[in-house]
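Common to both upcoming complexes is chain A, partnered first by chain B, then by chain C.
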Partner chain A sequence: MTKIFDEMWGREDALRAPYSQFGQWFEGEDPARLRAKQREAEEVFRLTGITFNVYGQAAAEERLIPFDIVPRIISGAEWKKLTRGIEQRVRAINAFLHDIYHRQEIVRAGRLPVEMIKNNEAYLPEMVGVTPPGGVYTHIVGIDLVRTGDDEFYVLEDNARTPSGVSYMLENRETMYKMFPELFSQTKVQPVSQYPRSLLRSLSACAPSCAEGTPTVAVLTPGSYNSAYFEHAFLADQMGVELVEGSDLRVVDGRVAMRTTQGYKPIDVIYRRIDDDFIDPLTFNPESALGVPGIMDVYRAGNIAIANAPGTGIADDKAIYSYMPEIVEFYTGEKAILQNVPTWRCNDPESLKYVLDNLDELVVKEVHGSGGYGMLIGPTASKKELAEFRKKLEAKPGNYIAQPTLSLSTVPIMTKAGLAPRHVDLRPFVLVSPEGVNITPGGLTRVALKKGSLVVNSSQGGGTKDTWVLED
Partner chain B sequence: MLGKTAGGLFWMYRYLERAENITRMIETGQRIALTRNQENDDEWASVLQTASVDLGYFEKYDELSKDTVIDWMLRDKDNASSVMSAVEAARNNARQVRGALTHETWEAMNGCWMRLKELLKRKVNERDLPQALGLIRQRTALVRGATHGTLLRNDIYDFARIGTFLERADNTGRILDVKYYVLLPSANAVGSQLDNVQWETILRSVSGESGIRMVYGHNPTPRDIAAFLILDGRMPRSLYFCAKKLQDNLGYLAHDYGETATSHDLAVQLGKRLKERSIDEIFDIGLHEFIQEILIALGELSRQIEVDYRFYE
Partner chain C sequence: MRLKIAHETRYSFSEPVRYGLQQMRKTPKSYRNQKVVSWETSVIGGKKELQYEDQHRNTVELISITPGETELLLRSEGEVELEETNGVIGPHESLTPLWLFDRQTPQTKPGPHVRELARSLHGREGLDQLHALMSAVAKAVKYTAGASASDWSAEKVMEAGKGVCSDQAHVFISAARLLGHPARYVSGYLMLDDRQSQEAMHGWAEAHVDALGWVGFDVSNDQSPDTRYVRVATGLDYAGAAPVTGTRTGGEEESLSVAIEVAQQMSQSQEQ
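And now, the complex of A and B:
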């Protein structure tokens, strides 16, 4: 078996170029001091309240996502190539969304089976014929990438509905600045701090035509018990806009308005961090108290921009994912720059047979699952788990896709015994507006803290690292 | 600003002030317990009453004892006005309005909560009590300091101040009301041992012992103490001082928003009620009746602010 690719050491245990300066610095550091810094960093996170709430645990429990001080470093050249691929993909996703809610050319052309849309829970008939202000469907995208070798990146998921984690990208960097200022004066790392300004600008550029003067933007959160509440508050604060809940909003004179100390004031753009189903109890889930009754009517009338648009979820659906190479080609006329992980759709009998025969070598995911729940990692699963999953697959094959277990690259983390390699993924953050696509040089690197583990989700005990994109 | 945010700021600072006031009362109770002669815990009943947490206490406990009173007031989750409950509530509100706070203020508040959660995880034994109370005061003062030093003087600051002074006025009012009988200018009780101890309680709980010395010397009369705590505009915990601040901050809001709210009128009336009376007139009305009137007016003012600035739907 070939050795796993390490971002710092490659396959040959020779310091890779992007790590040369960091490696030198690290050599000269006292490991005890570094471990002390690691603890200090955690204290900073705790004090600033950078925590997430854990569902199903004691109500008030707030946890830190473990932070590791060894950065993940990407060269400027590697980044340039990645961003070309990401931009192409994001443009295709937006074109795809417009198409499936309008003429469905991709279906007419026979490139995507109509069932993929018709039977998809994320597809919203309410969005048919609706064109969002500025023509943008997915304003904020987090593309999950993994690397398996020097020049081999794969897209794992296109998070096109409400990608989270951008606050960690920003706070990880701030913490690194505080802990190791000297490191940054030696190494030229591209800054990420412009993200909130870019986000506000990007959102403002999508304001509907009824907006007067500077558009009023607000972040819509389910509330302080949501696991990502810290991020919602952080983004509103950084953009200098209001953080609202459904109970602060109502429809007034055909506009969505927020209750201020001086009465109701219209909003032009809403960055929502609640799911489609909860946005409008009059249109979707009538039980929802999180959303705004009537917001969909305002939206259809073109009087508010919603980021991301309702119904974008269909583009990051795991079954649609397997068609992404076709989708990119159909809308851009070019071959996809970024590769998909080969994917078996279990609703296809032949694929299902292959998956069942090779279960112990595959990763099986629920089509609509997220957060690392409801998945099977064949190579590390017990016999019992394999048998249970087999039953699930046979019962509802359409619910699952399967992929080979990729040998994800590793980046070392600091352990008591020194550096030790752990698997990582990468989520760069992409902004889309009528002005163009903006990709912040960096992203969220998630790291599996358990030796050999491939699960990097924070809800499953993963940690994070600062992500550096170097100036070339 | 969102109505919800205004409400969150108002309550954050009310709860912060409450945590501090409760700490002051425990401190006073402790002090008196240490300096009195008789061997019973009667004084603690009065401390519970002053903090308006006596009913809850007696629902939970049958007997009065120093240890249970202190624990009830310091850290009991069943007591919504225990120091820990108040700090927890202040921090939850701060979390809600985080975008309105500066980083220093938020971090001071979060740090206060973290430190006190650690401190009050277990029962505090008598030996460690003075230190614990000192730490609580220090941590809440730090939040107030960060607020003063870093917050923009706009409506955010106004709502913070309004919350602070409503709670403080309410607190001073309650202390006076519970102790009004020792302040009554009747001849028979004056100068008794009990009387002196009670005065001291009042003054200590509002950190007024050195202030009153500067104004009235070493032997203030009950009338002096009442005048000092009700009417003295220099005393930062007097009713008049708090009323004046409420009036000022509601006035800034009226100015900023270009609209005078009903609550501003109520605050002006409250100020007048205090300013236009001498202490003799107050005793003529009846101290208890007068204080009750003020407490009711404070309650009305608080409710009117909620309505005027749309804290809730």
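And now, the complex of A and C:
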């Protein structure tokens, strides 16, 4: 087996170019001072975390995601290449969503089996024939990338519903600035702090035609008990817009309006962080107390923009994922620039046989799962776990896909014994509006803190790093 | 045949309503064998917020209850001209792709009983199979007012062996889909031969057959719709075609009175 690619040291223990300045700086630092800084950074996060969690102290603990001070560094040239692939993919996703909720040309052309859509709960009949204001379905997209070599990137999954984590991207940079100002005067790193401004601009550009003057944008949260509440509050605050809950909103004069001290004020664009099923009890789950009754009616009458549009989950479904190369080609007329991880769909009997025969070498995921739950990593699974998963696969093969175990790149983290390599992934954040596609340089790097672990999800013991894209 | 319809729904609340919405699908549309001559909706104690066409081309109106009111009155009336087509509606024309009508919903969800019912019709085909299914459902599910709850699945209805028109339609739709026929729910009006006044709208099913397109099946009366039937809204199940879905805060106890009149309108030549 070839050696794992380390983004700082390559495969041959030679410092890679993007890390040359950082490497020099690191050599000259006293390890004790850096370890103290690492503790200081954790303290900053704890304090910020608590500030954000005044409503739920108990929940604050689990929201503290460990931070590592060693940045993940990407050269400007590497990034440029990635952004071409990301933009292409995001444009294809939006075109796919428009098509699948209108004429379904891709199905008629025989490029996507209708079975992938027909009984897929992420495909919302209520969105059929609906064109969102500005024609945008996925205003905010997170494309999860993994790296396996110098020039090898793969898309692990697309997040087209409500990708979270952008607040960590911003806070990580903020913290690094505070800890190591000298680093940033030495090395030119492309900024990320413009993200909230870009987000506001991008959302405003999707306002419906009934909007008057500067569009009114609001962030809709399920409330302070949601695990991502601090991000909702943070983004509203950073954009300078209202953070609202369903109970603050009403339908007034055919619009969704929020309660203010001067009465009800119509909202033009709502950045909602509530799942489709809960967003409107009149149209979806009638038991939902979190949503806004009537918002789907207002939306379908064209009087509000909802970001992201309901029903975008059909584009990031794991079974649809395996068709992304076809989807990109169908809508852009070009080959996909970013590679998909080869995927076996277990509902196909031949694929299922292959997967069962090679279970100990594969990663098996639930089609509708997320957050790293319900997943099997063959090479590290025990005999018992493999046997249990085999049963699940045989019982409901259609619920699973399988992929080869990729040897994810590593980036060093700071440990008591010095630098140690750990596996990482990357979630760049992409904004889409009629004005174009905007990709913030870098994104959120998630790192598996356990030695050898390939699971980077924060719910499974992952941490984060600041991600640098160099000006070069 | 020309039918004259008047439909009045009166909601009375024991306390003033603070905020409330009603999503309505109560406006019939013209198509091949049904011509809406006139139709009007009026609201007292509330206000029409907006209107749009949904994915089944149903006209949807959103009504808000005026805060502080203790009564909401919704009235629709109009005249519809109908032509006999033996239940045939014709080719699929909505935006929703035909394959989506294969999708089961919580209300049409089959279980062992519905599967068994569907299996009993293997060996038959097309229209013949669907007519046999209609009779089989009518036999298996006895029309019994008040016997079921609105959240019952088709399977639950089969287990109970009784239900109202929407329950019978759900069983039909569920089994038709299992047999490979796209199927949908229809809410509408039915003129009864023995009386003018009714307390509820009617509901039945439609299935798609290759040669004919959509064809109606009314399990409750074990027949395909004729000129006494006015189609108002369609959906994957009752919930998707429901005449009214509401939500409110305040108002406390609600009492509802519905008065529907469906009568044949004598043609003008006869009146003169």
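Going forward, the second predicted complex is superposed on the first by the 458 of 472 C-alpha atoms of A that agree within 3 Å, B and C clash if a C-alpha of one lies under 4 Å from a C-alpha of the other, contacts with A are read in each partner's own complex, and residues count from 1 in each chain.
Basically, contacts are C-beta pairs under 8 Å (C-beta built on N, C-alpha and C of every residue); 3 or more make two chains touch, one makes a residue touch a chain.
None of the values given here were measured: they were computed from a predicted structure.
Student: One more residue to check, A:282. First (chain B), second (chain C), both or neither?
Tutor: second
Student: Which chain makes contact with more of the residues of chain A, chain B or else chain C?
Tutor: C
Student: Considering only the touch criterion stated at the top, classify A:245 as touching first (chain B), second (chain C), both, or neither.
Tutor: A:245 contacts chain B only, not chain C.
Student: One more residue to check, A:73. First (chain B), second (chain C), both or neither?
Tutor: Neither partner.
Student: A:237 in the overlay: touching chain B, chain C, both, or neither? Say first, second, both or neither.
Tutor: The answer is first: A:237 touches chain B but not chain C.
Student: Could you say whether A:8 touches chain B, chain C, both of them, or neither, answering first, second, both or neither?
Tutor: Neither partner.
Student: Let me test your reading of the model: by the given contact rule, A:314 touches which partner, first (chain B), second (chain C), both or neither?
Tutor: A:314: touches no partner chain.
Student: With touch defined as at the start, can you tell me which chain B residues reach chain A in the complex?
Tutor: Listed in rising order, the residues of chain B that touch chain A are 1-6, 92, 95-96, 98-99, 103, 106-107, 110-111, 114, 155, 257, 259, 309-310, 313.
Student: If we count contacts the way the header does, which residues on chain C are in touch with chain A in the complex?
Tutor: Listed in rising order, the residues are 19, 21, 23, 49-55, 60, 62, 64, 95-97, 99-100, 102-104, 236, 240, 245-247.
Student: Please output the residues of chain A touching chain B within their complex, sorted ascending.
Tutor: Residues 46-49, 224, 229, 233, 236-237, 242-245, 247-248, 258-263.
Student: Write out the stretch or stretches of chain A touching chain C in their complex.
Tutor: Residues 102, 104, 107, 114, 117-119, 125-130, 250-251, 253-254, 281-283, 286, 293-294, 297-298, 300-303 of chain A touch chain C in their complex.
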